[in-house]
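Residue numbering begins at 1 within each chain, and the chains themselves are lettered A, B, C, D, E and F in the order written.
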Amino acid sequence: MQDDRYRRGLEQLEIVAGPYGAEVIRSLEDIAPDLGRYIIEFAYGDIFARPGLDLKTRELTTVAALTAMGTAAPQLKVHLQAASRVGATRQEIVETILQVIPYAGFPAALNAVAIARDVFAAE
Amino acid sequence: MQDDRYRRGLEQLEIVAGPYGAEVIRSLEDIAPDLGRYIIEFAYGDIFARPGLDLKTRELTTVAALTAMGTAAPQLKVHLQAASRVGATRQEIVETILQVIPYAGFPAALNAVAIARDVFAAE
Amino acid sequence: MQDDRYRRGLEQLEIVAGPYGAEVIRSLEDIAPDLGRYIIEFAYGDIFARPGLDLKTRELTTVAALTAMGTAAPQLKVHLQAASRVGATRQEIVETILQVIPYAGFPAALNAVAIARDVFAAE
Amino acid sequence: MQDDRYRRGLEQLEIVAGPYGAEVIRSLEDIAPDLGRYIIEFAYGDIFARPGLDLKTRELTTVAALTAMGTAAPQLKVHLQAASRVGATRQEIVETILQVIPYAGFPAALNAVAIARDVFAAE
Amino acid sequence: MQDDRYRRGLEQLEIVAGPYGAEVIRSLEDIAPDLGRYIIEFAYGDIFARPGLDLKTRELTTVAALTAMGTAAPQLKVHLQAASRVGATRQEIVETILQVIPYAGFPAALNAVAIARDVFAAE
Amino acid sequence: MQDDRYRRGLEQLEIVAGPYGAEVIRSLEDIAPDLGRYIIEFAYGDIFARPGLDLKTRELTTVAALTAMGTAAPQLKVHLQAASRVGATRQEIVETILQVIPYAGFPAALNAVAIARDVFAAE
């Protein structure tokens, strides 16, 4: 059954992150391979693969959480790309960042928008 | 034009928070009335009233942000109620909280679920 | 294999949290049963059960992390009890909290000590 | 010389916190007496007693920091009282809390104002 | 009246941030122009322009808040420059950063001092 | 007696950080020399030199706290090196980072592992 989680997670990871996902996992192989496995199995195989919320909403809520936290720039970049990949428009992504302002303040939104600019420019 | 923002904000606040919104604002009148005014004008009149993202998604991203922050229990309660009020099902609300686990950890989700239990019980 | 993770996690949870662990899990059954399951399978079955670090050190590093975060009072209480249960002395627990002061400040330590006082008094 | 720091710190603590300061320190005697000593020696004897910034500004910047952090309600209460004690008016205290909104968001300010209301009512 | 807020905010922004302020706003035009407008109207037109606290104290409390948060390096840089521009001495700025140590720890202060060094060197 | 704290702190700092410690302190001399002095006297002379917890456990709990906070990359680097210097194996260091995942989430662990990779490569 763990293999099911791993296979399902890898599939989800590719849907939301494309080839970049596998690259992140590979980059962990030398130092903390189980960290990569947990991300696949738990974050993607258990959580992302759940029913009850469509992938676009999952990605937008993830963007909101990471924007509010302000401590996860590399991961916010991955999920800004992922949001776009699963169908969120640039307007929806920017709106999600603006929605966080009243709760976490302008710096959180400014730093997220700076990452979004790079992501949009690279698309 | 400021009156427009205030009127639009008060309307939005009532849509998402019902009579509770006005109550929060009133409770600020004795000590920081402008804080209440800014919440109406900026958080609701400027941000919530923006086009480009439906109210349910706005509330779910707000729930995700406040869950991840972990420092805003009273406000998370308001927005768990609001999410429900603008059409999110209990399943969608719980899914949004679970989606935050990989990014902000189990305590953030556990504390949000404890508040959600109270909100659901009171409905 | 998932059953293995669940069984191993439940066993670990009982070792570190005693009957209280199962109680927390049960309390989630009405609203987010999968959250309880993930805590058992991932937090305890995957992470806590790993080799390479003894249980006492796992609990003391957990106490340090939760003290520094300052957003997880109920979970800090559980792990202060758990640290004691797996063999940390009160002195080691208090030292761990004091060790966090230079990194996260006095309020984080003061609030953790207040919880530790309740835990020690109840033992 | 350590005695100097302790004496100077105790003096500063009484200036900013009145009898309440000694009470907090006493409450730590049973469980972490050195924590109380460090607060007196380092926070008050070393930092608060420094020249270069008047006590009122020290307290207002402390109120701003604790409001923004959102994880230190008991300590924010102490410093809202202290700000008042060293000469900040209620308006200056409320203005300091409002000044934090653009940087840390409305929940941080709302929760600080709720504590300020209690402090002002008890004066 | 919104024009009043915008004009007042732009004026305040120039007082505290000089030509740099307008530059930040311009940099948002391609991706989130309303974010720039909200910063001018709300952060500067509504909050900074309030009476009851002088600009130097507003900037020092902002420096304290951003130092404590530790998630807003680019914005801390802007406000270290602004504090200096509205009359805070380097000593007052450094004292404000040191004042945050007991509440948010040494890393927050060390990272803020590193930014202050760059700001002072460029002046 | 303050000289005792300074001498004891400098000694501890060299034990845990080697020549790098003195370098950090020197780098503060131009802008905030007292900050360097407080780190030596308080963080190392008062806290690190305490009995009741061995140095390896002090460093691992510090790594856990800084990993969970996510706002102290330069300091986390210092303490990943220090953990290694006082006898923690790479496995124990990586395990400590993984232990933080359930409490602070994957981004905190991923960013800590990225720093650990650099530290291990430079050894």
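Basically, a residue touches a chain if its C-beta (ideal position, glycine included) is under 8 Å from a C-beta of that chain, and two chains touch if they have at least 3 such contacts.
For each chain, UniProt lists the protein as follows: A, B, C, D, E, F = Carboxymuconolactone decarboxylase family protein.
Just so we're clear, the structure is a prediction, and the values are computed from it rather than from any experiment.
*Asks:* Which neighbours does chain A have in common with chain F?
*Replies:* Joint contacts, listed by label: B, C, D, E.
*Asks:* Hey, how far apart are chain A and chain E in touch steps, shortest way?
*Replies:* Minimal hop count between chain A and chain E: 1.
*Asks:* Over half shared or under half: which fits the residue numbers at the contact of copies chain B and chain D, same or different?
*Replies:* different
*Asks:* If I superpose the C-alpha trace of chain B onto chain E, what rotation angle comes out, expressed in steps of 5 degrees from 0 to 180?
*Replies:* Going from chain B to chain E via C-alpha fit gives 180 degrees.
*Asks:* CA centre of chain A versus CA centre of chain C: separation in Å?
*Replies:* 27
*Asks:* Between chain D and chain E, what distance separates the C-alpha centroids? Give it in angstrom.
*Replies:* 23
*Asks:* Roughly how far is chain B from chain F, going centre to centre by Cα mean, in whole Å?
*Replies:* So the centre of chain B lies 39 Å away from the centre of chain F.
*Asks:* List, in ascending order, every residue of chain B touching at least 2 other chains.
*Replies:* In chain B, the residues touching two or more other chains are 34, 38-39, 42-43, 50, 66, 69, 71-72, 75, 94, 98, 101-104, 106-108.
*Asks:* Pick one for the touching-chains graph, please: line, ring, star, complete, other.
*Replies:* Shape of the chain contacts: complete, all pairs touching.
*Asks:* Can you check the complex and tell me which residues of chain A touch chain D?
*Replies:* 101-108
*Asks:* Quick check on the complex: what are the chain A residues that touch chain E?
*Replies:* For chain A paired with chain E, touching residues are 69-71, 94, 97-98, 101, 106-111, 113-114, 116-117, 120.
*Asks:* Okay, in this complex, where on chain F does chain D touch?
*Replies:* On the chain F side, the touching residues are 1-3, 5, 34, 38, 42, 46, 50.
*Asks:* Under the definition above, what is the set of chain B residues touching chain A in their complex?
*Replies:* Result: residues 39, 42-43, 47-48, 50, 52-53, 57-58, 60-69, 72, 75, 91-92, 94-96, 98-104 of chain B touch chain A.
*Asks:* Of all residues in chain E, which touch chain A in the complex?
*Replies:* Per the touch definition, chain E meets chain A at residues 24, 28, 30-32, 34-35, 38-39, 43, 66, 69, 71-72, 74-75.
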